[in-house]
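Here is the structure we will look at, set down as structure tokens.
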Amino acid sequence: MKLGMVGLGRMGANMAERLLRGGHEVVGFDPNADARKALEANGAGSADSLQALVKALPLPRVVWLMVPSGKITDDTVDALLSLLAPGDTVIDGGNSNYKDSMRRAKLYADKGLHYVDCGTSGGVWGLKEGYSMMIGGDEQAVEALRPIFETLAPGKNQGWGRVGPVGSGHFTKMVHNGIEYGLMQAYAEGFSILQHKQEFGLDLHQIGEIWRTGSVVRSWLLDLTTDALGKNPTMAGIAPYVVDSGEGRWTVDEAVALNVPAPVITLSLIERLRSRDTESFSDKLLAAMRNEFGGHEIKTEPK
Amino acid sequence: MKLGMVGLGRMGANMAERLLRGGHEVVGFDPNADARKALEANGAGSADSLQALVKALPLPRVVWLMVPSGKITDDTVDALLSLLAPGDTVIDGGNSNYKDSMRRAKLYADKGLHYVDCGTSGGVWGLKEGYSMMIGGDEQAVEALRPIFETLAPGKNQGWGRVGPVGSGHFTKMVHNGIEYGLMQAYAEGFSILQHKQEFGLDLHQIGEIWRTGSVVRSWLLDLTTDALGKNPTMAGIAPYVVDSGEGRWTVDEAVALNVPAPVITLSLIERLRSRDTESFSDKLLAAMRNEFGGHEIKTEPK
Amino acid sequence: MKLGMVGLGRMGANMAERLLRGGHEVVGFDPNADARKALEANGAGSADSLQALVKALPLPRVVWLMVPSGKITDDTVDALLSLLAPGDTVIDGGNSNYKDSMRRAKLYADKGLHYVDCGTSGGVWGLKEGYSMMIGGDEQAVEALRPIFETLAPGKNQGWGRVGPVGSGHFTKMVHNGIEYGLMQAYAEGFSILQHKQEFGLDLHQIGEIWRTGSVVRSWLLDLTTDALGKNPTMAGIAPYVVDSGEGRWTVDEAVALNVPAPVITLSLIERLRSRDTESFSDKLLAAMRNEFGGHEIKTEPK
Amino acid sequence: MKLGMVGLGRMGANMAERLLRGGHEVVGFDPNADARKALEANGAGSADSLQALVKALPLPRVVWLMVPSGKITDDTVDALLSLLAPGDTVIDGGNSNYKDSMRRAKLYADKGLHYVDCGTSGGVWGLKEGYSMMIGGDEQAVEALRPIFETLAPGKNQGWGRVGPVGSGHFTKMVHNGIEYGLMQAYAEGFSILQHKQEFGLDLHQIGEIWRTGSVVRSWLLDLTTDALGKNPTMAGIAPYVVDSGEGRWTVDEAVALNVPAPVITLSLIERLRSRDTESFSDKLLAAMRNEFGGHEIKTEPK
């Protein structure tokens, strides 16, 4: 198939390349000229505007969005809505909030266009190993895109599927990321306990290697964690500063909205907030309280 | 009554003073001579050894321990065991682990001595406002000490009581402190949220004052927190470093041992650990993991 | 002063009565005729419609809303907006989301009306003990209402205050309730640990009584908890089912939005969700997982 | 090699079988005669007492314990201590507390015997896929057992290793299980959120299948979870009752002792306690408190 790829950052460029390798035709658009050139070097066409991209595609057009969630996605979705024609399809492969995807899909449906939300997992490894894709949208619209999904996925019938109507793809990906937060935090805590047990002089990289095969905790994240421990066993030079990127927060919101207790996923998010709260007002106030009732000494800050 | 007070630190000295004001006779012992002199200045007797203290007391003797939990308490309890006579009573008013108190009481009972464990709350305010006391021990032994408890307590029949057999006093105080951790953390988090809502320019001290009267969250800890916010609204110069002192840990252990879910008390302890873990290995590893799977940038540490 | 009270449920009726006792004139409206009659019996006027209420008030009018948050507040605010005149003031004393209050205040300001958001704490005890009130709004508008606040509050200058611009009143009340969740959960966990320590045969009511005076954990909530334990020491007949009412959820959302770690307040909310999740899918799945990897027995459900 | 296997339950029998398949000689002991017969049917020898087992083994003897942790392990270790001779080796392959292993190893060392602690992961799948083994003990003692570990492990040099001195094997396995609790809870919470989003009609088994390939959350536990969801998508007939087995509790204790914040592992344990606390006293008390301060209705229990 021939499709347009909007957004040629790390994820978009890799996906375009995997599609090209799979025999598809790709026309890419990105405001960054270097990104476009890099794509052309891989044998794809490129366009320097959404208008040009749309013109370069055969009817019915297929446009894959791989842009940051939020305003950029909103602007792009709006622009394409006025450029595309009935029967065309937009796939949002980014990390949009599922409610936004449902709202956008309605605008598209009102004009006879298809809107498909595809939660995409796999990170920088997707180019080589394939992307896990959770897809929401009309059955027909999704079915028509089958050749694309089969190429992007780890295997023809593996690692991808239509999970329900529009919104369900990003919803499922959101929960996927919530789980990811929990898994990561569990490993991080465990390795931290091992690291603090100094009397045993444990080699964390070795333990990761042992666990990778045969143990109950083996996983792809453990493989990566073990690799990271191999490269930098003491995490030297790395700040204890953990970013979060939206899906974790949405999962927490959604769990509460659905009355589902999700303490571990929620705490995993809170721990990330905590990692960035280096001058915790809470903790200062706790120290002050202890001083008030018990006369306990307060540790003062270095000037 | 006449009693010996072992340990003339902040708590012991204050309790001795409250007893003196209440018409009791006190003989104090502390290895620190200044502490003994300060007590004498309040009209008490003093002894420069446990032996001297024991000699200075009438039969049956009453000795109140107000020393740090752990080894010092153990050593003092052991020494007194060989110095005292059947019918004498030792009260451990400190923060001992209830299992230690049960073990020590058994040694005392085997020799015909009484052992009473008294969980004492009230901090530096106890001198003025009285001490809340949760007492474990034989009914007779506790009853014989009634005049002491009535004087130390906030009111004759208020704020103290025998809650059960030996061990139950320190057990109840341990849980008291676990609750205290939870209450403190709840206030700290709430004020921290208020503090971060910069668009409203909230005055945390004023809000504390409002809440002190009539609100559902009014409490003595809120009074103290409000006072602390009045003195230092931004917590300037205070390090976000929160000490914990044993009872919180024991409460967590005990909750698990009893199969009682206590997530909030437990998290309150963990947050204190976290406040002191400024170079979190967990968080560094999380940052490294994110880099491994998603190519996400790692924040580096300042050299 | 003379004011209109909209909503004569438990809270509204009590507040009207406290105002009447304080020498104010009140005209009440509620769709429920019995509620209106009860108010009249206390010496107030009543109106059977918002229109009638507005007509019965002198200029500039003051209308206090004490209705459930959400749609009913929205409808009432909308209706009053078209009935009132520039210079009139509406006070929302309910548990509205602060963002809604800010939105509503803007509509009012556009028409020259005042909108004041007043977070009100004190529950059923407010009639007797006064209400703690956190107030947001223009300084002048709030100042003009001073006689009302002085009467409703626990003391003339106690337990109330303007904390900032519109929205800040409900924001502060929201955080108040978040703290309340945390405090309640801490007490509940602590008493549960005591209750499970069967070997000591502890009397929870007695322990509550001891703690009420002099202890670090003394508070109004502890007073109420102790009363509840006095009436029903085993909590016989009470289902372990805990309702939450919006402010806790909003506090959790807001903490995340502000990047403030609030683990204890958050867990307190999650525990309430958990109390209602009696057929936990998570837990069933965990049991199934244990069976899958370890062959561990699954407990089956009674048919 | 020839070794004795003490304990022919699910784990011990499977390990014996894997050793036999790998060309080793095994003599098994279990008080249960059926278990012994089943082993004999696989070509192993058997002994009806520890004495007989010891007699059946060549010098230096190697005895692998695969019995429940706690008293049974203690009794067996004590019995073997008096039956074995200097140079002999006992390997504890069960889930003993690492402190017990250190204590036992000291008794053995005092008599010139070797004691090796081997944390074993893999569950019922180990027979087929091999066991992940984290081993603590003297280097020489472990090295002498290499043929056994190479056979039991998933691969000759995969999934096993000496991680440090005696105790470190069980310590590492303990942390492994703590992580396992966290991972399981994260998946359970995520699938529960998906299950509650009824508007999307999600097929949890399908989503598990998608995630198994290419996604960031792929893991062996996800494979098993997906299989469980395939067999029983609604978890019908399974009670929401989750057992814990010691290592989780020890991990929580150890984290606190080492001052390592481990909120997610800790909460995962607490959630298991919570699953079995169907008549939560905490929650009843919370409902009673809400009634006390707000007059909120209490849900009563069915008689």
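Annotations
Order as written gives the chain letters A, B, C and D; numbering starts at 1 within each chain.
The rule is simple: a residue touches a chain if its C-beta (ideal position, glycine included) is under 8 Å from a C-beta of that chain, and two chains touch if they have at least 3 such contacts.
The chain list, named the UniProt way, goes like this: A, B, C, D = Decarboxylating 6-phosphogluconate dehydrogenase.
Quantities reported herein were computed from a predicted structural model and do not represent experimental measurements.
Comparing the chain pairs A-D and B-D, the larger number of C-beta pairs in contact belongs to A-D. Taking each chain's centre as the mean of its CA atoms, A is the chain most distant from subunit B. Taking the mean of the C-alpha atoms as each chain's centre, subunit C and subunit D sit 48 Å apart. Chain centres here are Cα means. That of subunit B falls 39 Å from that of subunit D.
Mean C-alpha positions place subunit A and subunit D at a centre distance of 33 Å. Shared interface positions of subunit B, i.e. residues touching 2 or more other chains, are given as 123, 185, 187, 189, 192, 196, 216, 221, 259-263, 267, 270-271, 274, 280, 282, 293. Only residues 216, 249, 252-253, 256, 259-263, 266-267, 269-271, 273-274, 276-277, 280, 282, 293 of subunit C touch subunit A when the two sit together in their complex.
Only residues 10, 123-125, 184-185, 187-189, 191-192, 195-196, 221, 224-225, 227-229, 232, 235, 237-243, 263, 267, 271-272, 274-275, 278-296, 298-301 of subunit A touch subunit B when the two sit together in their complex.
Residues of subunit A that touch subunit D in their complex: 121-123, 126, 129-134, 136, 153-155, 158-161, 163-165, 167-168, 171-172, 175-183, 185-187, 189-190, 192-194, 196-197, 200-203, 206-207, 209-222, 251, 254-255, 258-265, 267-268, 270-271.
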